[in-house]
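One chain, chain A, links the two complexes that follow: it is found with chain B in the first and with chain C in the second.
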Partner chain A sequence: MSFGSPWFTLPEFTYHKPKTLKEALELLDKYGEEAKVMAGGVGLLAFMKERLMAPSHVIDLKGVPELGQAIYKEGEGLTIGATVTLNELARYGPLKKFGALHDAVRDIADPIIRNRATLVGNLCEAIPWVDTPPALIALGAEVEIRSLKGERRVPVKDFIKGPVEIDLEPGELVTAVHVPEPRRNSRSRFIKYNTGSEFALVSVAANVVMDGGRVRDVSLVYGAVSSTPQVAVKAADALKSAEKPWEVLDEVGRIASEEVEAVSDVLASEEYRRHLIRVLTLRVLREVMG
Partner chain B sequence: MAEVEKQVERLLNSKDFVVIGKGIARVDSLEAVTGRLAFTGDLLPSNVLYVRPVRSTVPHALIKDIDFSAAKNIPGIVGIYTWRDIPGINDAGSLIPDRPFLAVDKVRHYGEAMAIIAGERPEAVDEAIGLVRVEYERLPAVFDPVEAMKPDAPKVHDKGNICRHMKIRKGDVEKGFQEADVIIENTYQTEFIDSVPPEPEIGLASPDQDGGITCIGSMQNPFDVRWKVADILGLPQEKVRVIQAATGGGFGPKSDETPIDVCAYAALVAYKTGRSAVSIMTRDEAMVTQAKRHKFIIKNKTGARSDGRLVAWESTLIEDTGAYISKGHLVIVRAIFHCAGPYDIPNVKADGYCVLTNNTFAGSTRGFGAPQAFFAAERQMDELARKLGMDPFELRLKNLLRRGSKTITSAEIEDDGLAMCAEWVYNNSEWVRKRREYEEFNRKTRGPIRKGIGVAMIYHGNTLGPEGEDFAYVDVSVDKDGKVSVRTGLTDFGTGAATGLLMIVAEELGVTLDKVRMERPDTSKVQNPGPTVASRVTAIGGRAAQEAASKIREKLKGVAAEMLGCPSERVVFREGRVYDSENPENKVSFEEVVSQAYRIGLELKETGYYIAPPTKWDEETGQGKPYNQYTYGAEVAEVEVDVETGLVKVVRITCAFDVGRIVNPIGLKDVVHGGTIMGMGQAIMERFIHEDGIVLTDNFSTYWIPTAVDSPEIIYHLIESPGPAGAYGAKAMGEIPVVPPPAAISNAVAHALGVPVKQIPLTPDRVLELVKRAGET
Partner chain C sequence: MREITLTVNGERRKAMVKDNELLLDVLRDKLYVKSVKAACWRGECGLCTVLMNDRLVKSCLVLAVEADGAEILTAEGLVKDGEPSPIQKAFIEKGALQCGFCTPAFVISSHKLLTMNPNPSDEEIRSFLSGLICRCGTYNQIIEAIRGAQKAYASR
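Let's turn to the complex of A and B:
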């Protein structure tokens, strides 16, 4: 145990600001594990100050124009480039179609942070209590990954492998996140619970597809309860198989609260988190099914 | 009759003020927001050495060995020092010499400094600290003050763990309880709190040419720092000069011992190496080591007649002061003098114990034991009201301290400030209507929200009282060009106190505020003015400022009289003009008078001194007059409680304070807002956790304090019922708004849920427990 993060200084590093994606990928290829890419830097620089990361090369993506766009195409969905900030995204009209993501983005930290921090950075940071991953998973989003060798796509659910651990090889970076067009008759919301302007103690994202009075499909994802976002499969099944879904909401909440991993820490006990999972499941389902 | 009397008193006390009472933004606010204010961190010389202590990672242990061999070899390390290297006295206790500056053979709490390391670069120092190997022999430890009071508990120091037992004995409490129709007894508990001043502790020390040391730092009390640094270095006091840089928040801890620590770490290195050195605490270091608000366990037993008249009150207060006493022996005194609320009670018995444990130490924090005492007292009043089936506001009004009533120390109350506060709040909070409406709402609602409204009333013994000699020095001088300089060792650390002093000087000299400036507190330029604590600056410091400025004005009057050709009694100083009261057109400017004064060789430099009348009380019974005057307050809190999640939202605070005299309404507004929000943090959010002595909440990610988005609507009103001790009748206000919220908010939550609240903060998990209990009853 040492007291305090090392001071107010950053460790030494070389700063690069490539102008094209190709240049960025070449730098990344050259420095491999010694390099870290930077978007807003909100997370990266804080980690570096605390010496939790000490890359000798920092590759700032903000000079690459093609990474700075959010594009919505009717029928295809929303593609959010790696340097699109949370506030740019919040102001982008079509985001409203993606209810859960809209909720999550709007509530992160404060306007100052949202002016710098990016969605992709928030996702790649992969700390257990960040807000956008549960929403992205509930919406079935995918991560677009590039390296000099080529490109690949991974569902967000698989991309987050552990706390601060993502599915990225040396030489690879995330160019964008793609959120598919919401299905017909679907609705999604995200609820973050905390006692003030803080990180979530528990968050939940729900995305339902209604079919008359029944729930055809549903995705329930929880943040801040464990080391990675938790998907409640059994609870979703219970809701889908119910003839009268409105009557089983209590039961669905209970199942969710029992099936997902939840931990105790200084901020909340496991018991309290499980209790919140139940309460918030009910609340979010009432909103998306209503 | 009483009304007429009040009016007459007002009239007699009223004065036509020019500067006092006008809303003035803090004089340093523009500089502060534009980044021009020089904080210590802005002043580091380029070749400064960085200094940091090696701190214990265990709460109670013998130090068997410390191995610096690996640490020494880190490039850039300049020196490693232990207690053996201290030239003077190895103690950093601010009042009681019980805390080694660097641990000798034993540590008594987690985070205690054992050695200091100095290096050319902060990174090198950090790396070196990580390589120090300490071999401990763990000692049995005690973390619970109740356990610590037992005779066989592990001893924190050589003597017993109870370091002060303070008593109140008024009337005959046994007889009082016999006369009571109802008696209730409850135990209340509060937690440690860290007041997290925005700027963590920092001290910069530089060697002088003559073998002395100059320290610049973030602090409330430069003279305390000078005293201890000089003793630690074995230097005479004059050889150490301490200057307070702009200071980013104090809240009490900056008057306590950590500002001494950082300055002394830096000073020891500067002394040894002949180079400038700086010691800066990180947030976690500051949160672990700086003086906390004390944890209290308070048992209250209360007896009343069926009509609500209080007849007997008995309290036992146990205060956890952590491993060193710091100000704990004084905090218990303030807590016990306020333990029965602001009520007229004939029979009172109270026992307060200041107890050592192996937790990190507690000391001064805004409110100084009063928030805890009033939480327990005012919750008790609500429980009593419930038992009696009375409205809690009515119950209070029935027992309120009014002019002529006697406090629990049998001191006579001399004004009606409290009743005036209570009346205003009763009307303006719409107490009666809302209390009824919220109960109705809670009965009918099918949603998760419950509404509650609660009240608390306080009185707060002013300034130091039993805590020390209540004096102040302020120097005022006028330059040839008519510019006025104010110099004092009293400090402003974000409080706005300096603005208040300048306003008082401007008022007395009849000049506009832009002509008056405050110099930085510097121990080489002024006398020790006593500590900047206990909300003293405007009330007590203001008296000294008033005296210095008026002495100069009287000197100038003679000069002006000659210039105007009128008797000196007729000379008026107002807004930079000096004129004959009978012929205002016959005038000169302030500058002209000053210039004439200089021509005839008058010295325009005066020291103002004021000492409040000494306060007395009997050590065995607590009876007497511990304070010269009281600030009063009444507060109503409205809350919404989510019974499914346990979240409490404070919707609105309606409060009134009797401040004696409004010196700066803008300053008071800021103090009321900030204090209310800080008090709300104690009520519902802030929970400083020691787990077996180890601090688990050492940063903002785990220790949650309120921010702007959590702030309730705050409606406040200021009443002026002048007190005898403060400038123009001003009463202490710096700390006071932090006192009522824990009581008022927890009463509102108890109202919303219909169950007693006995512990704060009301974090969601605790609230859910209460909800569960409410369901069971």
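Let's turn to the complex of A and C:
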């Protein structure tokens, strides 16, 4: 029973399930903007029910074996295929080396959703409050894109162009996300402020490289604060230039809370978000520097 | 329309489906598996949860065509020779329901949890079931029911 309401039904489309990457790319090339790819389908089917999307062709990637693999190579990093689910990734041992990503993927939505939802899908939705982009940006991750014309790589930071807007042309497919090997003496974490399985009001990923008692390098990236993930450059500089970094954490949190773009919406006011940014910055830095 | 074949609770079933039909709607309206409840259709309440190829999924977020060839297990499938399974008996004994609408989803999910881990902590139970909503608020009794069925799973 579906009551004929858009909330309960999907618009009509033709379902395709290619068995090779070549076949998938040919379908994408043939149907162009008429097509959407599906991995876990969690986001796509929700968008389609609400009629925010109505592709004539849905291309299910789960029949393509090479897209279903997460592969870690020492010294090179971690490559996560387009159909690897969040639960599969969470269980993959080497993920622990990538602290911020490990934190983020284990706490998205709920465990049943994570049986279907994928990392690449979570990223490609580019909804401002999803969790994996801040973690991926802090870790310097890149998106691997293929089409019949060739392949290219784009840093995650540039891949997300706006809310629900990504750097992807018709005919192109995100085949994987690549996270480089963490630098020596580095440590990263991701934390978010939310209730239950709700979306984050503010999230932050931090990746630091320690050098004795000083911070040689740090990346601070905020999610859910504005239309795209925000990188706090001034706050990072303040931490790097401090001779005794532990003594300036309050100041770093304050700079970050003033520096990044933050908006008011139904979930939280700008003022509240800036307060949360200050508090979460302090917390995440204590974790990664400790 | 195309024909799909599912193994539902051990029985091979065929159905003619359109590409845009949800597994949830096909299970309920074409195969008459009525323990699978439809409530939100958007992956939030979890009451349409089934085991698909031994993995818990919310069937409102799965296309029926995607499930072609899959094995589906629902609360009905836990009953053997008319006898409820230990987890189903435990739900009754501990009064882990009020209106009962969410019960099949909690039963099949609790069954999966205990199959993987016969001795979960309270926190593991809460986290595992966090994608399901019981509007009568019987969460504590559900945990008691899982505790009540633990022994049966440990000895399997």
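By our rule, the second predicted complex is superposed on the first by the 284 of 290 C-alpha atoms of A that agree within 3 Å, B and C clash if a C-alpha of one lies under 4 Å from a C-alpha of the other, contacts with A are read in each partner's own complex, and residues count from 1 in each chain.
In this section, a residue touches a chain if its C-beta (ideal position, glycine included) is under 8 Å from a C-beta of that chain, and two chains touch if they have at least 3 such contacts.
This structure is a prediction, so every number in the text was calculated from the model and none was measured.
Once the two complexes are overlaid on the shared chain, A:148 sits clear of chain B and of chain C alike. In the superposed model, A:54 lies in contact with neither chain B nor chain C.
Shared-chain residue A:9: touches chain B and chain C both. By the touch criterion defined above, A:109 lies against chain C but remains apart from chain B after alignment on the C-alpha atoms of chain A. Of the two partner chains, chain B is the only one touched by A:195; chain C is not. Once the two complexes are overlaid on the shared chain, A:266 sits against chain B while remaining clear of chain C.
1-2, 7-9, 11, 196-197 are the residues of chain A that lie in the contact sets of both chain B and chain C, per the superposition on chain A. Interface of chain C with chain A (complex): residues 18-22, 25, 28-29, 38, 41-43, 46, 49, 55-58, 61-63, 65-66, 109, 127-128, 130-132. Residue ranges on chain A touching chain C, taken from their complex, read 1-2, 7-15, 17, 40-42, 45-46, 49, 58, 60, 62, 109-113, 115-116, 196-197. Per the touch definition, chain B reaches chain A in the complex via residues 50, 55, 57, 111, 122-123, 126, 129-130, 280-285, 288, 644-647, 684-685, 689, 696-697, 701-702, 704, 706-710, 763-765, 768. Of all residues in chain A, only 1-9, 11, 193, 195-199, 201, 266-269, 272, 275-276, 279-280 touch chain B in the complex they form.
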